[in-house]
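One chain, subunit A, links the two complexes that follow: it is found with subunit B in the first and with subunit C in the second.
After this line comes the complex of A and B, so read on.
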């Protein structure tokens, strides 16, 4: 960053400001993408059967005939007051609909993250060792290549192997109907499908930074002078890595949020991601809006953390 | 590596274009028992409705490939024009939002857009929204570098109009960047197109589609794993080879490192 003298102070003020502005921009984008394109909620509720007069009545009742920015403003201010509206499909409050799905998603995303983090660490250690041993080599090719593979392919390959050929786990991950904790075996496929691409992405982004940090002159100098490797790591390498690592964390959080939608739907796991996809299919706009905005907020929150950590270059 | 991946991408594209004519059975008609394991007449077995997996594999690449190409071309075109303009004007647009663009995965905007757009249009729109800024960034850097070269200055001093200088002098010099970048945008579009197809948000043709095959045959993983593994393998090979070629092309265009 180009911040100068009172860098700490301006960062503490500017970073949250930037996050708030970006959040507002994202909310406009989400609202515009879902509300302003042709085919509004009245069309969705009418489903082609309602007459033009009924549609007009429905639009007036829901305020769909007002200008776009006015509708965005009232939507956003209602959201700030904790009111996200009601599902077009069931009529239940959106917050309740989503809240009912969050525990299942938390279990899945938490398990996936618990697997992703050590995998990224391992990948970075390997990248660092490689950088020390072969200084001219850029490395990171394998992880970068793996990020190209579509996540659905990972899902299908794991299902074909673990549940098709080896028959270790069931191919669908249905939650017990009465609630309660899920059987761990149903989590294997969704957790692996979420964690492996996220880990590859994390290593692709962070591995190069680790290798660069280890190649800095003061690090090689310290090692040559005989400073213990552990101290070099603590004093010269890890502080440089804090901010990039938090940025990668934001990417991983975003990957888990989007991947969750895919993985939960593919394996029939009834969490918030599956809700997002089924709401998209049913054109249940209020639910999609809050889920989309919520995922973006999670990513922005971690990016804000990354901005607040002092950058050492 | 580069040549191998290009050759593989070429083979997949050739199979996609010629495949429908080579399919031994009607890809839309049931000819086996559901999820029948592989046999002599059906080397990859049958799918959920007993359709021949090999025939569906040969017929099922075209739609995904065409859709991904259209989306990638749209994103690259928008990004290249924006990058030429930004690089010429020395503007640093988009620096503030760059983190966000990197961190928000493409699938989220695609899903949000799919509320009001048909699935295929959402794939194109999300590829442009998420990909064009990245293309813009690399083209901007390449354009800013080309701006001060002798032949560009000569053209400007000759009094040629800016647009003519950009299209005739600068664009040919930086064209390697958007060409390689097209590959990366293609990979993104392919990931999106296959994700939305698996989620059932696009209209897959009756003759099949590699991504839709994954969805159809997941529940039969234990009966005929080949129905799941074969389309997964083709999708993986296609995306891996195109991405490898694109990375090599970008390294070549920017002249950094060895084009391994």
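After this line comes the complex of A and C, so read on.
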């Protein structure tokens, strides 16, 4: 550890504190966003046919007649006591509603991440080689261009090719009804749809950092002096890359969480993302809140990790 | 779901369908005889409470298999026995005595008693805000259970069609059931064997009182997107895709079969009688005369449907068959508009949404047809999330929806002065009284004659442009036989369905 003990200690205390504050801010933001949408869960339950008195009754039953800040406060305090509340739509406990879907989403996001990481690594190696060969070239154009392709287009193109033309994998991703591990073939389309844009994004962000690191005078000097490339990489390049790589990782995790909502809906995959899309449509605030908080926690956990790794420039 | 999310699914489905044309028939579920059914349903709304809104077809299907109902719709339009084996009214048609099957038991072993039925009916009435006041015509508090197998139901007004009003939705649960966060025991032909409300596994209930259903099990998945449902069947991952779009049915290859249900889907154009310019009956008639109904049916339902005559329930036994079809008559429509003071043209806004396939297209085409009579209609496509609460039942002129409910229900929901969703502002005390009087007529022919006369008045003066009816469309593997083709809730009764050889 290069840092002095007090500095490391304060970092170790401050970073988690910052994460907790950020989580609170995220939950307020998610709550406010749901609140700002027109209509509420009572409207969704009444489906337009309930009278004004009936709607008032539905709101009272669900506590929707109280002011927003009060609802957020009681939701947050209940959550701190381990109670995530019940769905405003179906009355089912939120933990049950989401819990049943977490394994599916974990499998999907985990597989996508497992594919994204080596792809990013490969892209960075290519970017590094390019930087060494052509020191004047900025590079990264292809990755940036790929990042600009909307995920829905990636989904459609992959499905048309792999399922429509080649018939290798099914066009929709149905999970086994009783639970249990899914057939790997149904994961191909959603995983590729998530991983390819994420990897392009990661390379676009990180490729330049790699190139910069390799172009530093002491790196080129070391290489010229004949220090073995592996050792240069270990001593001078990787330490510089660790912090930005972890930050990019956090952003990629966030991207996977956000992309999951679209990908799961498009391929009929019964995970948490598909649930989020329809829960937002139905203004089911407790479900939206917990899902939002869960995604934010995943991103912040990686960011926290990045904070704890010493920055070296 | 937004259009943006829809497009790739469409592409995927088209790709899969194109491939399906040349593919061998998809494999069936094998020897266990389990039907894999992909039904329409929002994953967030998937519920275990059979007394709520039933907006998810996947829920309605599951409840129809897990729970007994008192009566079911018959092919002739009258109610047929189910949990109720027989019934008879008193002289006033306000007290109906239903006798239950004594052999019915819940899956936890308890017998189904009259107290359970009464508890369930009262719970449905209590949740009126969520289920559109489904049992509002009954006074369930005044109803009684004189013995374990008899229920005496009290109707608020004389009602010869009480057994029909109890069809399909009177799911019976054990008395005292309060936590519907998970499934409560039922007495239906199937029992819950695993999964949850989004993806359910049902197995045959060996203790069910009725004839043994052919299917050993039914797997039900709720899937929001119609194209994804169709793709599940064309790729052989499911046996039945419920409620697919006409486009998916048209594109279905030889490896799958299209099951066409009786046409009941309607996207009528709704005009409010209490707002300008629709408060003038000449304007309303002109708008009805402007509709090129065949063109609308061909474009919106791609031929899977038929033209309608501005009445919402042509499939009902009370429909006045002697009523002439209203033609397209541009010249007369222009004359009527001129007489109403709109000789120089008229500007209106027609609202629509994308909740059901083709709703937006119907409005766009009708707007072009209105241009022929000198009306400039601006189509506004509203977000489906809030359409049913902000536009439906409130706007002056918009695209509505009906899905196969009987005429008496349409009247109760939308056509009586006190109706909760009187979207056309059809408020005529004399009509209300004649409706109540018609329901008190015991003889079917006499009752239907009176209800038919009421519909003729609606045809002449009402605020609905009902231009056509779309068929309900299911996509199935060739191995599925006996899927019900009746309107409404009949499609959820899978007792007679079997999986056999393709062909």
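The working rule: the second predicted complex is superposed on the first by the 288 of 313 C-alpha atoms of A that agree within 3 Å, B and C clash if a C-alpha of one lies under 4 Å from a C-alpha of the other, contacts with A are read in each partner's own complex, and residues count from 1 in each chain.
We take it that a residue touches a chain if its C-beta (ideal position, glycine included) is under 8 Å from a C-beta of that chain, and two chains touch if they have at least 3 such contacts.
Values in this document were obtained by computation on a predicted structure and should not be read as measured data.
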First (subunit B), second (subunit C), both or neither touched by A:299: first
Subunit B versus subunit C as contact partner of A:265, first or second or both or neither: both
Touched partner set for A:144, first subunit B, second subunit C, both or neither: first
Touched partner set for A:86, first subunit B, second subunit C, both or neither: second
First, second, both or neither for A:174, with subunit B first and subunit C second: second
Touching partner for A:105 - first (subunit B), second (subunit C), both, neither: neither
Which of subunit B and subunit C A:27 touches, first, second, both or neither: neither
First (subunit B), second (subunit C), both or neither touched by A:255: first
Touched partner set for A:57, first subunit B, second subunit C, both or neither: second
Contact residues common to both interfaces of subunit A (with subunit B and with subunit C): 37-39, 152-153, 155-156, 159-160, 163-165, 167, 171-172, 262, 265-267, 277, 281
For the subunit A and subunit C complex, residues of the former touching the latter: 37-39, 43-51, 54-55, 57-58, 86-87, 89-93, 96, 100-101, 152-153, 155-156, 159-160, 163-165, 167, 170-172, 174-175, 177-179, 262, 265-268, 270, 274-275, 277-279, 281-282, 284, 287
Contact footprint of subunit A on subunit B as seen in their complex: 96-97, 99-100, 102-109, 111-117, 187, 190-191, 194-195, 198-201, 211, 214-215, 218-219, 221-222, 224-225, 228-229, 231-233, 235-236, 239-240, 242-244, 247, 257, 260
Touching residues (chain side subunit C, partner subunit A) in the complex: 1, 4-5, 7-9, 11-16, 18-19, 23, 38, 42-49, 52-53, 55, 128-130, 132-133, 180-182, 193-201, 219, 221, 223-225, 228-229, 231-232, 234-238, 385-386, 388-390, 392-393, 413, 420-421
Residue numbers on subunit A that touch subunit B, as the complex places them: 18, 22, 25-26, 29-30, 33-35, 37-39, 138, 141, 144-145, 147-153, 155-157, 159-161, 163-165, 167, 171-172, 247, 250-251, 253-255, 257-259, 261-262, 265-267, 276-277, 280-281, 283, 285, 288-289, 292, 295-296, 299-300, 302-303, 306
